[in-house]
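Right, I'll just put the structure down here and ask away after.
Chains: A, B, C, D and E, in written order; residue numbering restarts at 1 for each.
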Amino acid sequence: MTFAARSWQAWIVLLLTIVAAITLPFTTNSTGFNSTSAVITLALLIAAIIIDGLRLGNALKAVLLFIAAHGAAWLLISGIAGQEGTAKLSFYLAIAAAWLIAWRCVTLLSGLRVKNRSVDTALRILIPAIFGAWILIIWEALVRGAGIPFILLPPPAAIGQRIANSLPVLGADVRQTIFKSVFVGYVIGCAAGFVTAILADRVPFLRKGLLPIGNMVSALPIIGVAPIMVMWFGFDWPSKAAVVVIMTFFPMLVNTVAGLAASSHMERDLMRTYASGYWQTLWKLRLPAAAPFIFNALKINSTLALIGAIVAEFFGTPVVGMGFRISTEVGRMNIDMVWAEIAVAAVVGSVFYGVIALIERATTFWHPSIRGG
Amino acid sequence: ADPVTLQLKWVTQSQFAGYYVAKEKGFYEDEGLDVTIKPGGPDIAPEQVIAGGGADVIVDWMGGALAARDKGVGLVNIAQPFKKAGMELVCPKDGPIKSEADFKGHTLGVWFFGNEYPFYAWMNKLGYSTEGGADGVTVLKQSFDVQPLIQKQADCISVMTYNEYWQLIDAGYKPDDLIVFNYTAMGNDLLEDGLYAMEDKLKDPAFEDKMVRFVRASMKGWKYATEHPDEAAEIVVENGGQDENHQKRMMGEVAKLIDNADGKLIEAAYDRTAKALLDQKIITKEPSGAWTSAITDKAIK
Amino acid sequence: MNSVTEKIVPVTTILIAIVIGWYALAMVMNAPFQRDMNRRGNVTPSTVEFLESTLAQAKPIVPAPHQVVQNVYENTFLRKITSNRSLVYHAGVTLSSTLLGFTFGTILGILIAVGIVHVAALDRSLMPWIIASQTIPILAIAPMIIVVLAAVNITGLLPKALISTYLSFFPVAVGMVKGLRSPELMHLDLMHTYNASPSQVFWKLRVPASVPFLFASMKVAIAASLVGAIVGELPTGAVAGIGAKLLSASYFSNTIDMWAALVAGSVVAMLLVGLVGIVSRLVERAMGARPA
Amino acid sequence: MNPTQQYKRADGTQSAVIAASGLGLTFQTNDGPVQALSNVDLTIGKGEFVSFIGPSGCGKTTFLRAIADLEKPTAGTLTVNGMTPEQAREARAYGYVFQAAALLPWRTIERNVGLPLEIMGNTKADQQARIKRTLDMVNLTGFEKKYPWQLSGGMQQRASIARALAFDADLLLMDEPFGALDEIVRDHLNEQLLELWARTNKTICFVTHSIPEAVYLSTRIVVMSPRPGRVTDVIESTLPRERPLDIRETPEFLSIAARVRDGLRAGHSYDD
Amino acid sequence: MNPTQQYKRADGTQSAVIAASGLGLTFQTNDGPVQALSNVDLTIGKGEFVSFIGPSGCGKTTFLRAIADLEKPTAGTLTVNGMTPEQAREARAYGYVFQAAALLPWRTIERNVGLPLEIMGNTKADQQARIKRTLDMVNLTGFEKKYPWQLSGGMQQRASIARALAFDADLLLMDEPFGALDEIVRDHLNEQLLELWARTNKTICFVTHSIPEAVYLSTRIVVMSPRPGRVTDVIESTLPRERPLDIRETPEFLSIAARVRDGLRAGHSYDD
């Protein structure tokens, strides 16, 4: 309950800000104290005081800290734009202080308990968003501050700009890689894994023979088959889809088989007492019970499929596709384009994952892991 | 000895025999240099490596080097061991393509990763769209091997005279079975393997001197390699090159591109390369200071 | 004893079926090229000769099983371990970066999980990004990681191990979050009634409860690690390792070598996963788990 | 003492619903064989209410499961309605209530109760009618649309009883159905069960740990003993069929309860 | 009727171990607030054995958990040994026995029993001595090295009681500790618990669903009723402290049991 125990961030922010103020200026070619650096240090100092010194509501505190942290970061980064590589110790200390303030802000937000559902949802999104924003801010600050060569690592702002300027190309690549290779491969791979699992379940001989092999194969470095698939299925999307099929097949097989065993003995005995047939038991008991496992495979596969398709494009493609673009633009030194594709891949992958997670929530609402929240 | 790190553009093979020979034969040592050779690979961009400080000097194709220069990496060509380009497009005789006029509506295999510029420059000159369709050509990003031709996935593929061409021969094609479009022979060649260093580092006389010694020893290595191709190939294999026979054959072909091993850049070829890149908007402005003869001049003295 | 034979019969039957299917596939897939060859060479073999020759090509599209087996045998048992052509050598290289990356990944994953379980702010902000991180195509950034690390003079084993780390921390983090949260409420209440400190709860309750989860995720993680090591070898100049072998074989369309490298990778994968399985069984036995 | 021979109905016309003779059932486990049932002779006639009582592990559940064709006896003979247990199961001769409710969490209460009807192919209208009737019988009207986890343990158990009643089998096998309930609810359900039994003339086999419950409900009480699982005593109830709750304080009730307790204690060892 | 005022010990010297007045506890749930305890007044003196009985959901567990500082009351005051529940917990004032055994599966029986001692920092030698003594007390000597799954349910429950006894707290909170056991084992453990209580003069709060158990064990029986959870009746036992098992067939016992049953029935609604 004591002042110090409540948050260690306040003290460090204070310390960092003071040292930053002493070691001003922020960059080698600006002079000592000026209005911008005054605003920044002041904002940081005030934030440090807000963190613990004032008795404010946590929500209000969080808002103030949010403004202070991001305002300071914005001023710092826009101050260094155009004079990359000139940052001094003071600059990094100030960024670190701003980051700690943001951290404290996130901690406060995480502690908020709100009844209103939509506010709660907003918080649920805001908290990770701040975290993600700070990954980008620190990246931007380091790259600009240290003047890291553009072709080694471009700053996020440049990547964002590239995304905005290249929407048609990115769109075409997404169409080729996601809507053709990934989608087709994912559907076929998951369906094949599922059907095989049912087959293996129905025919015990198959199960005994196939599962150990399936377990083994699912651990293999499957990307190794990408060049082989290009050899077999040609350079257009079918070969990429084939890689995706292979990558997604085994997780689905193994998970579905595990899921089919997930119903309890008692439940299966219950069905037996009704003299229920194989398919009735499958449909009414074992598949619903297997649903959480099947969704697990669908989620794993959503990220695997994307990676598989992109990797496969490294081994021969028509001149469109995310993997093609990544490998080609590295050669052309358009590293910002590479990162733009990576960002798109990450966003698409996360959305893909998120959609499946939402469907899972809706259909396996009864499972304790979801009921429990 | 002064340490020098050389980043190659591709995996260890006779394409880089001169450097391996110079190292193994002690030519570098004689110049007071301790040279580390880093092999490249399909995803290694030497320009990135040197920009990050991972190498002092790189072997690169001029297209890639000028593109990097355009992006703010001050690469300067300090020597040009390969006078001619080794790239060509080959088509099977029994296929649909007999001459440049037949390209329309067909699929052509090309390497990317900075190796596509000569091809696009050529198509540009021919006036063919590369977006596919009946009036243009369909471009296929070719894998590292000659499968696309064997599998008939492409009507023509890119090969290097010293490498993939022989893989086709190994696969049962006879030279008569193939129609060859050689970029050098067509006058469409862009400069291939050259040595590049960073502009700002070259301003340091000590570094410049190091590069002079490096180029001198390297060219001595190339000279030795072209004169003793079998021995050179063996050295390459010892350093990780695959398949001795293949390397020997490659050495023989590479020797034809080296010419007289003085490492001097031919200005006309440079101008042609720069213009082609500019035409395709791969670079945004006319490059200046992208090459220097200072090093080779001193090296040859 | 009985259960072993009960498994072996179906497994071998299916393996035999796979091999037969493989031979058939090899014949079908290799036939067109063989026909072209014959046409160009003006030979007209009998059907049997033709089929035989489809299984004996130097660079077939689908190598026949015996070609792969022979290659693996030669490059495993007939070469010096230090030789560049020895699969054992390449497997060893890959194995070392796999193990290093796996160790890092496991430690990192555990640390992240501990953070998520104990720090509310991390719990609510980290997870989406961890998932997003895994949707990034690793092969795309692997070369850049290698180059950037080389720029600061980190070369050799470590960059490859870091890529393995990147792939393997995820399953461990996810599994351990589940595991550290697996103690029942009643057990947590029990510790509360003893007024146990957070570290006592952690060591005496959360850690032991998470052990089965840890091993389950380590099995996934070590396989992911291997993939990472192989991917990491591709852009290092294809010098050594199973990935390098795979790549350099693919430059020259040496399909048989490629398949042999794949087989080597599979064997390493099985050994690693098997090893984790054995360790997990030993540990769980030592912790008094009921034998299955 | 041989319960089968000993047992003789007064009217003599009774046909045997369950007839076990020399019944044995041995499980093969890693630690060697476990004799869960040994030499059980028992005949249960139509309309009887038979309780099984005995210490943990004496084979009560195993015996019920053998009747339900969920375990295969390894010795002796067992018939259900004159058929083998398998035939009886396929003829849907019985309803089974497990110790745990075993409701499917993804189905609402009414769809859980309707599950056997769906499987047996009843018409939709008939399903609706039966679901309504049985849910009413166990006092769960109004909870049709709820999911199992939204109900208390006792309500879940009642839903599982409703499910077993829904298809109106003549034989009910109930394995500690009221174990998880508090005494008052238990009393209430005991009354209801007795009432149902009296009205429908079903045959009921009922496993319990509670002596008063066994005495209150049954026409006969089978006392079992473990290692190996066997029948040690069969006690005929002298109580009338009509049983108000306070019959449990009568001396007659207490004397039967004492007999059961003695029988139990005889076969009991404390370290279990 | 106010149980606190009503209750007055004969000797008058008794200090209160637990004192609740106006105690309320409301859970905030998605479906709105649930009043688990409302206006509970109760004082429990040193050396008492108090049973809590009532239908499911009436707040018995919640009351015990509030005493143990596992839930925070939302109204009224509650003291344990004159301290707040939190201070009492930090002073390790009580041992808690959960309904399920809650043994840690990766620890042997002796290490499970030793767990609180480890946490409280007793010396190794002292731990050994206490483990030996308490395991002996619950008749589990010889099973020290076994893991929980190698023991029957009853034995596990006894181990969990041993664990709560190991550190010799003066107050024992027991939440349906014998719910999962069969009648014979239960009788046996009831006897043993009474014997322990008589010997050590501990204060015991005991939740049960069984009326005979409550009557047999307690000096006082608190009857509770749900929605909202509250105390409806407090019944003082007139039975002597010395209680052989067959005291349960005496008229005095039966009359107390009947009183408890009436109290229970009054507050009972059947739909739970």
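Just so we're on the same page, contacts are C-beta pairs under 8 Å (C-beta built on N, C-alpha and C of every residue); 3 or more make two chains touch, one makes a residue touch a chain.
Each chain and its UniProt protein: A, C = ABC transporter permease; D, E = ABC transporter ATP-binding protein.
If you're wondering where the values come from, they're calculated on a predicted model, not measured in any experiment.
Participant: Counting one step per pair of touching chains, how far is chain E from chain B at the shortest?
Facilitator: Each step joins two touching chains, and the minimum needed here is 2.
Participant: Identify the chains adjacent to both chain A (ABC transporter permease) and chain E in the sense defined at the top.
Facilitator: C, D
Participant: Check A-B against A-C and say which one is joined by more contacting C-beta pairs.
Facilitator: Higher contact count goes to A-C.
Participant: So how far apart, in whole Å, are chain B and chain C (ABC transporter permease) when each is placed at the average of its C-alpha atoms?
Facilitator: 35
Participant: Just curious, how far off is chain D from chain A (ABC transporter permease) if you go by their C-alpha centres, in Å?
Facilitator: Centres of chain A (ABC transporter permease) and chain D (C-alpha means) sit 54 Å apart.
Participant: Counting in whole Å, what is the centre-to-centre distance of chain B and chain D, each centre being its mean C-alpha position?
Facilitator: 86
Participant: For chain D and chain E, what's the span in angstrom between their mean Cα positions?
Facilitator: 32
Participant: For chain A (ABC transporter permease), give me the residues that contact two or more of the other chains.
Facilitator: Each of 152, 227, 231, 314-315, 327, 330, 335 in chain A (ABC transporter permease) touches at least two other chains.
Participant: Give the residues of chain C (ABC transporter permease) touching no fewer than two other chains, as numbers and ranges.
Facilitator: Correct list: 61, 139, 143-144, 147-148, 151, 250.
Participant: Which chains touch which?
Facilitator: Applying the touch criterion to every chain pair yields A-B, A-C, A-D, B-C, C-E, D-E.
Participant: Taking the touch rule as given, give the residues of chain E at its contact with chain D in the complex, in rising order.
Facilitator: Interface residues on chain E, with respect to chain D: 54-57, 139, 152-155, 182-185, 188, 209-211, 249, 254, 258, 261, 264-265, 268, 270-272.
Participant: Could you list, by residue number, the parts of chain C (ABC transporter permease) that touch chain B in their complex?
Facilitator: Chain C (ABC transporter permease) residues touching chain B: 33, 36-37, 40-41, 58-59, 61, 84, 139, 142-144, 146-148, 150-151, 234-239, 247-248, 250-253.
Participant: Tell me, which parts of chain B touch chain C (ABC transporter permease) in their complex?
Facilitator: Residues of chain B touching chain C (ABC transporter permease): 8, 11-12, 38-45, 48-49, 52-54, 143-147, 150-151, 167, 170-174, 177, 240, 242-243, 246.
Participant: Which residues of chain B touch chain A (ABC transporter permease) in their complex?
Facilitator: 42-43, 45, 47-48, 51-52, 64, 67-68, 70-73, 112-116, 130, 138-144, 147-148, 151, 153-154, 282
Participant: Applying the document's contact rule, which stretches of chain C (ABC transporter permease) touch chain E when the two form their complex?
Facilitator: Checking each residue of chain C (ABC transporter permease) against chain E gives 184, 186-187, 189-196, 200, 204-205, 208-209, 211, 287-290.
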